[in-house]
Amino acid sequence: MTAPTGNRDGTPLLEAHDVQRRYEAGESTVHALRGVSVAIRRGEFVAIVGASGSGKSTLLHLLGAVDAPDAGRVIFEGRDISRLSDAEATRLRLLRVGLVFQRFYLMPTLSALENVMLPMAEAGLAPAARRARAEELLRYVGLGERTGHRPTQLSGGEQQRVAVARALANEPALLLADEPTGELDAATGAALIALLQRLNADGLTCVLVTHDAALAQSAQRVITMKDGRIVQDTGASPS
Amino acid sequence: MRTTLAWAALRRHPMRTLLAIFGLAIAAALLIDMVMLATGMRASFRSLLTSQGYQLRVTPKGTLPFDTEASVGGASALVASLRTHPDIDRVSPSLGTTVQVSIGDRATSAFALGTTAAVQGEYLLQGGREAAVDTVLREVVVNAAFLERLGATLGDTLDVGTERSAQLRQAGRRAQVVLVGVVRFLYVPPGLPAMAAPLPALQQFLGAAGRDRISLAMASVRVDGRDAEAQLARIEAVRQWIETEHPRVTAISTETAIVQVEERLAYFRQLAFILGALSLVIGVLLVTTLVSLSVNERLGELAVLRAIGVPQAGVLQQIMLEGLMLGLAGITLGLGLGLVTARWLNTILRDFPGLPADLDFFVWSPEAAWKALGMLLIASTVAGAIPAWRAARVRVAQALREEAVA
Amino acid sequence: MRLRFLRAPHVALLCCSLLAGPSLLGAQTPRDTVIGTPTVPLAPGRVAPSVRGIAIDERIAQDAGVRVGDTLRIAAEAGTTGEPVVVDALVRRSADPSEVARSEYRVRLHLDHLQRLTNAIDRVDRFAVAVRPEAGPSAVDSLLAGVNHVAFGFRAHASRDVAVESSRTFQVVDRFHRAIGGITIVASAVFLLCILLLKVEERRRAVAALRLAGLSRRTVALSVIAEAAVVAVLGSGVGAAIGWVATLAVNAHYQRVFRTPLTFALLTPRIALFAVSLSLVLGIVAGALAAWRLVRTPPLTLLGR
């Protein structure tokens, strides 16, 4: 079974060029990113680490077209995604980017299967096809027997695996995960790391934000951030 | 999928959803009732007035039918003149007065109506037979209240009197009549004892006070095969002709009578309008509040939906769908509730003294009711639009950040 | 007409009236207000002047531009010549609910004048009889019984019975208003409960934090109930203020439509107090229900854990 797609031709999938982002927090302005440049190649497994408030989640949001930079450019698959309209950015996230969050954020009223089917329904996939693919994805993440369960009936690790399956629904080119093991215990965290590695091994480009040392160690490349800047990058390509 | 999500969102807090549906149902019920009240009186009155096919009512100048004891003299000439008009099909003259009736030691006053059985449009025969055409008061038909008040039955002979003399302790004019039929008067209040007799007989019985006099003449205008507007135009033309030819009388068309009754009952129509509008406002407020709070609660979830690729329009549709579902459920429940409460309220208002038995205040008019419910449905859906718009416009990254902090 | 049977010791005053229509009406009701020069009653034995005086409705005066002193013609039947009369007075109708929907014009004449005009010589429709102030209710009852026993063709009614009968319309309206009021109260209760439930549930996390910080269920419940009560009282206060403004609009509108000084809507302190008290009770009940749902849920569940 090869749920993810992608290839490892080493060409940049994603590039950030001197991106800056600030936002208002009450009366003060927070400079979340102060000019960050980074290139992510196809098939890479990248971990972004850093202290709270270092700007790693903000960078992840910019890379996934969840947010737009105040300055600088983000190039995804050769296309500048930093100035997309809301509809274009939404379409991009729906079809090309998979997102996984620390708190899973599954729809509590839907079953695991329905949660996974949701992005496919949005993409216009026929009901039978989306059901078949959702079942396949849930089997891939090891939840083939729990498709009808609601999130409240699943453990944290299971919920996060459903979230991963949902992120893979429309065969994205990029998987972005924000603290995917943050709410999990060590054992379930390890299982999730294994799952992500398997996805990467199957060709999916993965970028993770994490505090988790084990997860960071499992990545091929670790980017360390501090005060809105990249202070270390173990796999930066010469530009 | 949106329907599933909307339905699931409503199912998440069953108590809250049930209360909202119940609140909307009451608003819908009140709206239906008020629409039934606002349109019902008119519909019921129109149906009552047109039930016997007469579109014009000719009364003594400046009066409404039987609203006063006024009568008009020269009745034969008046009726004959009306019958000469080529567009007038039938004319039914009648004379109303109050008489004293007694049987054994039971006595009461009763409303007496002189009519022409062949053309009368005042009552429906329910038992027995019509009084025989006569110029002397010998036979009468009566209503159920009459029988009940006097404990009389068909075939009984009654004393009828008028112009009572205190000194003689008897009626000035008296007659013995046989009760030959039981009728239901269309325009007489159900509790009022009433009787009908041939018009010439009652006129003769009343002496000078009734000689060649009538209280009302109803006229039927030929309107076959015309559209509604042309029919109204022809009736109006005949009405104007009557008033021009006979300055002693007022000719009232069904439309005018309805307007006049509506003026008298304007209070109920306006109350219905105000309460109906309030129902709509309550419905809108309820849905807006519920959906707003529901959206506030789920901003994080909605942000995630947006993050995984659901467009603004998708979120908007989903939230509005919640409002629509609430509206549909509330309205369905409210429809039943409204019909039950309308029956109850109609029973209360039908106790109004002096109203015909067949006049209803709350009448089911499908067109009006569906319009009102459609309006409430649209209102409740639109009521969800403001919070839905807010939800759709949520800034994904900011909402995710705030959610993480929360 | 001889009125021997009314020569009872308690009878103090007799007032006769005759009603005719459509063109005329006799019998000025005691509650109507004469706002122009009053008609001069004829002293016994005095000969009526050749042109008699009448009183007319203020409405006719307004609609037809008639003033006191104008000469009109009055007839018993439309189309007949009638006779000239002088407008001696204008009469404003009393604030009588039973008169509200009646829009016809009225003219008031001296009894003898109307009797002659309508050829109803020595006839009246009704007598109003006043008993002496010292006579009690039993005297009225015995008088009624006496009249009804001896006066064949007459029926005597006590004013209170007439009042009950003539107020039937308003009893029906009153019952209708009460029914609508009942429905409105149920709707308000549901609405209030719904709002409070949502309002409380919106703060689940804050309440959970308070509970985790050691606040007792009782304290949380009481604070929710107190808040609900305050919201209900403030809401009903604002509602009463809006209601008061609405009464002004309603009265102005219907007084204009029905041309009557009658007060249609009245917000009395008692009604306002009832509204506030009812809201308070509803608020407390709704608050208690919402609080009960909140405090029986474990804090961690409230936090979504």
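Letters A, B and C mark the chains as written, and numbering starts fresh at 1 in each.
In this section, a residue touches a chain if its C-beta (ideal position, glycine included) is under 8 Å from a C-beta of that chain, and two chains touch if they have at least 3 such contacts.
No experiment lies behind these values; they were computed from the predicted model shown.
The central chain here, found by comparing per-chain C-alpha centres with the mean of all protein C-alpha atoms, is B.
Among the chain pairings, B-C comes first (most C-beta pairs in contact). Separation between the centroids of subunit B and subunit C, computed from CA atoms only, is 23 Å. Separating the CA-averaged centres of subunit A and subunit B is a span of 66 Å.
Averaged Cα coordinates give subunit A a centre that lies 73 Å from the centre of subunit C. Subunit A contributes residues 23, 57-58, 61, 64, 66-67, 86-87, 90-95, 99, 101-103, 105, 107-110, 114, 117-119, 121-123, 166-167, 170 to its touches with subunit B in the complex.
Those residues of subunit B whose C-beta lies close enough to touch subunit A in the complex are 1, 4-5, 8-9, 11-12, 300-301, 304-312, 314, 396-398, 400-401, 403-404. Interface residues of subunit C facing subunit B in the complex, by the touch rule stated above, are 1-2, 5, 21-23, 77-79, 100-104, 151-154, 168-169, 172, 175-176, 179-180, 183-184, 186-187, 190-191, 193-195, 197-199, 201-202, 205, 254, 257, 293. Contact residues on subunit B toward subunit C in their complex (touch as defined above): 13, 15-16, 19-20, 22-23, 26-27, 29-30, 60-63, 67-70, 72-73, 100, 164-167, 169-171, 247-249, 263-267, 271, 275, 282, 285-286, 289-290, 293, 296-297, 341, 344-345, 348-349, 351-353, 406.
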